[in-house]
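After this come two complexes, each holding subunit A, first together with subunit B and then together with subunit C.
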Partner chain A sequence: MKLAVLMSDYRTGSDIIDRLSAEKLGIILVGNGVYHAAAKEDGKACAILDKKAEFFALTEDFESRGFTADKLDSRVKAVNYSDVVDLIFNDYEKVIWL
Partner chain B sequence: MATRKLAFVVRSLPYKTEASRLALTHAISSQTVEIYLNDGDLVEASISYVGDGVFNVMKNQQAGKHYGITTNEGHAKNTLLLDLKVLICKEDLDKFGLTEENLVMDADDLGGDMKANIVSYSEIQKEMETADHLLFC
Partner chain C sequence: MGKLTIGTFSSLVGSMSLDFAVKLAEAAVKKGHNVDFWMSGNATMLAKKGQKAFKDYSFLSKTLQEMLATGNFNITACEACAEARGYHKEDCPEGFQRKSMDWYLASTFEADRVLHIGGD
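So, the complex of A and B:
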């Protein structure tokens, strides 16, 4: 299955991400989920970014929180709302929200 | 004549929920409580940012542009226009690799005199212990 995961929290949901399996997995970081891409704790990037998946972060949400695209982890691509719609309709078959 | 100490402690991330914004607006409005008190009675409020809450005072928040709402950065700046103690936890800033450069430390551009203070968690703990009322959100 081709699965897109919309992740909108920072402190919850990582346990589910660990267990998810899909032939194509996309993790779209929205809302407070963008801290996974932009924040580092003790100098370390967020562990979910080690998952075999494509990562996206919604520009509107990380900019609203004071971050810029150049501060995102290199594994994460900045996308806007219409990119997210395209991803959901063109690249993935199923979508879940964490 | 008595002084009631209020301590607002923000530990939540901004925007997804109203929690941190409510702490800010309540802290800002807390001094208006004095109109309901006896003459000479005072309210002394402080606001502290700990844990994930330190992200509320990030500079360059663009929530106005994207969400059409006022930013928590703007609210944080408003706290510095009042006689309100603002404390930011040093250990949590260090954990996230944030420095003064990344944060709202003053409201000079709005004519404010107050500065935010980066302090160790033990000082915030003291603030909580000496407060008459504690709001933790």
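So, the complex of A and C:
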């Protein structure tokens, strides 16, 4: 199964991500979930970025929180709403919200 | 083109997930997809007519009306959730529907993609 996860929070949901497995996994960071793409704790990037997955972050949401695309982890691709629609229809079969 | 069903059980207008859901629907409609938008719980208040725009506050009514005008967008509030909040048929903006959850279930079975957004 090709599964896309819309991750909307920073402090919750990582445990669920840890338990997910899919033939193809995409993690789309939206809302406060975009902090996973840029925030560091103790100098380390967020652990979910070590997951075998494709990572995306919604530009509108990370820019509204003061981040610019060059501050995102290199594993994360910036996307807009139109891109998210394309990901949902073209790249993944199932979509869940965390 | 496909059909996307979005079910939102989010908080009131102004919540991040409700704003996200409407913006995602808007992007999908602009790309020519059909969107069914279902509101349960407090999200039903998105379907209350007479909402006004304030500076720096979420205002989604205009976007919803523009999407309805395309003919590719259906927006439906859970009738029971609405009634429980004192929001009746006459409070519903033109073009908005009120149905039982059967409508949402049927929509998810017909859809190419489903996104169910939980409460916040």
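The rule we apply is simple: the second predicted complex is superposed on the first by the 98 of 98 C-alpha atoms of A that agree within 3 Å, B and C clash if a C-alpha of one lies under 4 Å from a C-alpha of the other, contacts with A are read in each partner's own complex, and residues count from 1 in each chain.
Rule of thumb we're sticking to: contacts are C-beta pairs under 8 Å (C-beta built on N, C-alpha and C of every residue); 3 or more make two chains touch, one makes a residue touch a chain.
These numbers were taken from a predicted model, which means no experiment stands behind them.
Legend: residue contacts after superposition of the two complexes on their common chain; A:A53 is shown touching neither subunit B nor subunit C. With both structures placed on the common chain, the touch criterion links A:V76 to neither subunit B nor subunit C.
Using the contact criterion defined above for the overlaid structures, shared-chain residue A:W97 touches subunit C, although it does not reach subunit B.
By the touch criterion defined above, A:N32 lies against subunit B and subunit C together after alignment on the C-alpha atoms of chain A.
After overlaying the two complexes on the shared chain, residue contacts for A:V84 are found with subunit C alone; subunit B is out of touch.
By the touch criterion stated above, A:K40 is placed in contact with subunit B alone, subunit C being left untouched.
In the superposed model, A:V5 makes contact with neither subunit B nor subunit C.
Contact with subunit B, but none with subunit C, is seen for A:G66 once the two complexes are overlaid on the shared chain. According to the touch criterion, the shared surface of subunit A, contacted by subunit B in one complex and subunit C in the other, consists of residues 8, 31-32, 60. Residues of subunit A touching subunit C in their complex: 6, 8, 30-32, 60, 80-82, 84-86, 88-89, 95-97.
In the complex of the two chains, the subunit C residues touching subunit A come out as 2, 4, 16-17, 20, 23-24, 26-28, 30-31, 33, 112-118, 120. By the touch rule above, subunit A contacts subunit B in their complex via residues 8-11, 31-32, 35, 39-43, 60-61, 63-68. Subunit B contributes residues 13-16, 52, 55, 58-63, 65-67, 71, 73, 95-97, 102 to its touches with subunit A in the complex.
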